[in-house]
Amino acid sequence: MAGNTFGKLFTLTTFGESHGPALGGVVDGCPPGLPLTEADLQVDLDRRKPGTSRHTTQRREADQVRILSGVFEGRTTGTPIGLVIENTDQRSKDYSKIKGQFRPAHADYTYMHKYGVRDYRGGGRSSARETAIRVAAGAIARKYLAERLDVKVRGYLSQLGPIRAEAFDWDQVSQNPFFCPDAAKVPEMEDYMDALRKEGNSIGARINVVADQVPPGLGEPVFDRLDAELAHALMSINAVKGVEIGAGFEAVTQKGTEHRDEMTPEGFLSNQAGGVLGGISTGQPLTASIALKPTSSLRLSGRSIDTAGAESEVITTGRHDPCVGIRATPIAEAMMALVLMDHYLRQRGQNADVTTTTPDIENRQ
Amino acid sequence: MAGNTFGKLFTLTTFGESHGPALGGVVDGCPPGLPLTEADLQVDLDRRKPGTSRHTTQRREADQVRILSGVFEGRTTGTPIGLVIENTDQRSKDYSKIKGQFRPAHADYTYMHKYGVRDYRGGGRSSARETAIRVAAGAIARKYLAERLDVKVRGYLSQLGPIRAEAFDWDQVSQNPFFCPDAAKVPEMEDYMDALRKEGNSIGARINVVADQVPPGLGEPVFDRLDAELAHALMSINAVKGVEIGAGFEAVTQKGTEHRDEMTPEGFLSNQAGGVLGGISTGQPLTASIALKPTSSLRLSGRSIDTAGAESEVITTGRHDPCVGIRATPIAEAMMALVLMDHYLRQRGQNADVTTTTPDIENRQ
Amino acid sequence: MAGNTFGKLFTLTTFGESHGPALGGVVDGCPPGLPLTEADLQVDLDRRKPGTSRHTTQRREADQVRILSGVFEGRTTGTPIGLVIENTDQRSKDYSKIKGQFRPAHADYTYMHKYGVRDYRGGGRSSARETAIRVAAGAIARKYLAERLDVKVRGYLSQLGPIRAEAFDWDQVSQNPFFCPDAAKVPEMEDYMDALRKEGNSIGARINVVADQVPPGLGEPVFDRLDAELAHALMSINAVKGVEIGAGFEAVTQKGTEHRDEMTPEGFLSNQAGGVLGGISTGQPLTASIALKPTSSLRLSGRSIDTAGAESEVITTGRHDPCVGIRATPIAEAMMALVLMDHYLRQRGQNADVTTTTPDIENRQ
Amino acid sequence: MAGNTFGKLFTLTTFGESHGPALGGVVDGCPPGLPLTEADLQVDLDRRKPGTSRHTTQRREADQVRILSGVFEGRTTGTPIGLVIENTDQRSKDYSKIKGQFRPAHADYTYMHKYGVRDYRGGGRSSARETAIRVAAGAIARKYLAERLDVKVRGYLSQLGPIRAEAFDWDQVSQNPFFCPDAAKVPEMEDYMDALRKEGNSIGARINVVADQVPPGLGEPVFDRLDAELAHALMSINAVKGVEIGAGFEAVTQKGTEHRDEMTPEGFLSNQAGGVLGGISTGQPLTASIALKPTSSLRLSGRSIDTAGAESEVITTGRHDPCVGIRATPIAEAMMALVLMDHYLRQRGQNADVTTTTPDIENRQ
């Protein structure tokens, strides 16, 4: 497969450039009978949408999604669901000056090497604007998972540059523009972002995603392990540089007695594994954490070269997020939901005749 | 696809259980004309092989690979390469006592949930013994990459539990049983491992992998990004809990001015990106780092349940690596090589008619 | 993969229902640099378009295609090409009466079994209207093949019910509404169709497709043989019940001495193989022939059952092609072009380093 | 995917050359819990095995299959099933004289073009010997289908060159070396084959395959239709030049009223469709027919060229089937079983939550 399709039984194929006429995608393999409207998708699109606070890009996109197929009389039919979001607020001329330059840490140089041409307007296909369609598709998966399996996929920002969330309250996540679960840290984050914007710089972030009530048994060893596919999905999000499952890099210094999650008839005593053993879900919460790099589009001049290979100073104007991590939470949720949905269908395809008598222990973190 | 195949144009399909008659695999898509013998594969298999020092499992497996097809008169023919390694030193009766138990942090519980049955001998399919075939297949990819493209894929252990390698010398890596590039730390590691073994415990580790001379342009946005597929590949290795590309989790606290790799006509000034921008290789070294959890098979008793759901104490005897990370270096190299090989073929399939005039700047770390 | 994607390196994913808001698709893997406009696609769409003669359905659809991505400044960029065609002339109320019936020889009964629901308007997803997007995508492949490789993919109607084309002139194919290469048979076909329409009945047809100047070496043994993938592609067209490559079913009664295409330094002496040996193209014309069943939507009453299982007489009004074969020629060309394009990219991906000295004999039919 | 894997959820990957050390394959995705022994596979292998009558090749191969993984205590475990058949009766020196020649109608010329090298011994990878593994894998699918779903997949030779089977009795099929259901025609076939062998020539054949008790609802529109995948599978068998589903090419001259299979509450009144409507199974028998070309290896001299492009007379000695169709029946059965098995798993993966109330009418031919 060319590279713009994700999944095996529940697949998402996307298309579209930042400054082209539209973004779009096809969700194939959604089971029939799921109640679905454009409003169901819009909720998540609005959470990812640019321009909702002063801390994100000021590009104004309604991100209004249209469902073109696959839904009849308010329910999915099992046929592919076509999605389109028209672009409305392109300011392509902002980019004419970078046409002949390679911006540092952008995909300009690599796209040019790969394809010999590039749509330089707003990053073209390499722009995170493409993730709007992932969020729309993820909303379909999330709806199915929630309604049919009671699986809840949720994310939050656990760190903004040097500032870590310490307290944790799911209810806070939707109450601030950072998706931060620690209300006390929000003012600090706001100050930090204001100073950063003034400076013309950008900053990295860490996002955590969790799925609760995941059925045990999802994931296909050995290559399509649930955690491996999740790492693939999360690393495919723009700007992500690291992925952890469960204990992640802390496992390096853990001893076996610390890391192993002991089991009792009442449940697991810990969740260092992050809900996956041998690539298969345990039934505990599926937990992942990702590192997002700072935005590369800066008003602070950087050294680079032009398309002829000569030295060139680059300053990026245009409208950008000073911390791409802020809007990444709904995207990470979408990707986890897509992985779970695909593996749920695969599992029931391959193992529907399993009538296990495995004790289904009550799971706790 | 069911889950035991990796790659699109250069694919590896594996089969085999730890205590079954044999492990095997099929490498499909290897270009014709590559000189190849079993000895080429054996070199890497011997590096991964158990029982070569007192710090790894004492199971004695020759890991002798046979090539059953795809090679004629010493060269690949373009047809699939069948590989088989017979198992010779199973001691399956060691496992009869865990038949009715779920060992904590093993795949026992999840395999049982997924499949309703499990080959409990030595972990069956979930055993890292499966990776022997990955190493054999990776050796084919590494040979092609080295001979045709001058790409060198190499790994090393950068941290063993609390002990970090500080000095760095590629030549040291093959001189000690830990794949450690810092000769001065080797005695410390030996002492640590001796104490650990005595204690009956295990420890995590960190492995780094690097590919030099990667051609720019490899990787397929948006989902099959080079870094996303690499994350998939590395996370699919047994015991891996985290993957970083380039700066990895350090990116969380970096500012844009720190993270962005500036370019000059003489080359990149840094490599925070780890050789990938927008999911496509830059031509700089491709760098990744992985976290491996401590082995879960411990002589120290742990709380668990049996297959009837009752409380049960588990002690794992049998022969195990107290640090699975030690033997993981050749496996991580193999997986990086498989990803690069696949993407090299995909790139030339899709973009062979690109005659880019993009300046190919000299790359430095 | 769910079922709405075709191809591996050059892929087409389609969506859309006959009476939904739009049809659409995504072409992924098109090499960059190909000059491409909507007008290039429209030429083929207009050849397939309904309502262009009295012998096809009278539904009026402009079949105006929009390219939503993947083309920048008039050339493809290597990123996915999004395509949309809005439906404009649905008359869905024509179908309300069949809502509760299963029309014989339609997909009504099978869709209902598979999905539990169906969009009964105009056949929903099972309508051949979906093939408009295949034709648009095929036009991209045909353009690439023609401009870069000089490959020409062309089809014609070789038989309409009992009437066979006997004379053969490529130039005639575009001169009549039947895609018939034998001008002398056109009046006979017109009379036949007029009588058939009056009768309220329908008829089958045979279509042939040929690709000239195919490079030798395309096709991946053993399962992805060029002829096997072509059979897949052609059989996936609505109403196709048979596929032949080269001699096809005549091979049953041929002796080896008749069937084998002898070779001389000047070229092949025949083409019973249809341009494929061992699943790989020979360089001779690639020839295929397909059988299309008669349209199942008839004004003549047929016995059937309703959704409650009770006996029911079905008469299909609405607007239909009395011979679906008539408009199938551009669709068959499109599918052959998609297969060739995909295999061309796969071949150069896997075997670009082959510098064969195989004599490239002049090929003749 | 490279070309040696077939299927999506139930996959078969094969490897091996006619004169290499062994043939082998991997069946991935087989549900756990199926009782399976090597003897189950051997039954079908023995039906395909060479040298069982004077009418097939005299090469003596035991075709003894070993199961290397995926089965534990007599049942499948859900992990991949590794299969190997050692080659034992190669006479490679028979082929040294054709090393420098391209045999007409063989894959010699095309393999050389594609790969630049070829294993000329016995046709290498292009030999139908590869199908032994398909038969072994097909036996697994057939067993599952029979035991769990009561689906029976059976084939027979319906025509040997000019001689058609007219009477039909399933019980006769296993009673003669031709898989012919018409006992009265067997002596005629024997005489024909004896004369043909004396002449040094070969002949084509037609094979029919039928699956009874197929559940309705299998097949994924639009590209992965059940009939399209079946056409793919059957056309991928060596020497196949045509595939028909149901009425096949007879549909060309049928009127709509003749072709449509009317339905009554008691069942379908005919089966022109061959058990598929809209690409989805109806529950009627799934019927296909294939044309096999005459063997190309003849003792009668043919015109050809050598690898330098010069004129060359070719006579093929060695041991060959004068009618490859004779041994093709078990292969065609295997391929139909693989397709059904894959689509059964896909259907239950994607649509397991369908609780259709569609009337399940009694199906008759």
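Note that the chains are named A, B, C and D in the order they appear, and that numbering of residues resets to 1 at the start of each chain.
Just so we're on the same page, contacts are C-beta pairs under 8 Å (C-beta built on N, C-alpha and C of every residue); 3 or more make two chains touch, one makes a residue touch a chain.
Being a predicted model, the structure only gives us computed values, none of them experimental.
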Worksheet item: With respect to inter-chain C-beta contacts, which pair, B-D or A-D, contains the greater number?
Response: B-D
Item to complete: Name the chain whose C-alpha centroid is farthest from the C-alpha centroid of chain B.
Response: C
Fill in: chain B and chain D: spacing of chain centres that average the CA atoms, whole Å
38
Discussion item. Using Cα averages as centroids, what's the distance between chain A and chain B in whole Å?
Written reply: 26
Discussion item. Rounded to a whole Å, what is the gap between the Cα centroids of chain A and chain D?
Written reply: 45
Discussion item. Show the residues in chain A shared as contacts by 2 or more other chains, in ascending order.
Written reply: 1-5, 8-9, 14, 29, 32-33, 78-79, 114-116, 125, 221, 346, 350-351, 354
Fill in: List of chain D residues in touch with chain C within their complex
1-6, 8, 14, 102, 104-107, 109-116, 125-126, 130, 159, 161-162, 196, 201-206, 216-225, 227-236, 238, 241-265, 269, 272-274, 276-283, 291-296, 298, 300, 302-305, 307-311, 346-347, 350-351, 354-361
Worksheet entry | chain D contact footprint on chain B (complex, rising order) | 1-5, 8-11, 13-17, 20-26, 28-29, 32-33, 66, 68-70, 72, 75, 77-82, 84, 114-119, 124-125
Fill in: Sites on chain C touched by chain B in the complex
8-9, 29, 31-33, 78-79, 148, 221, 345-354
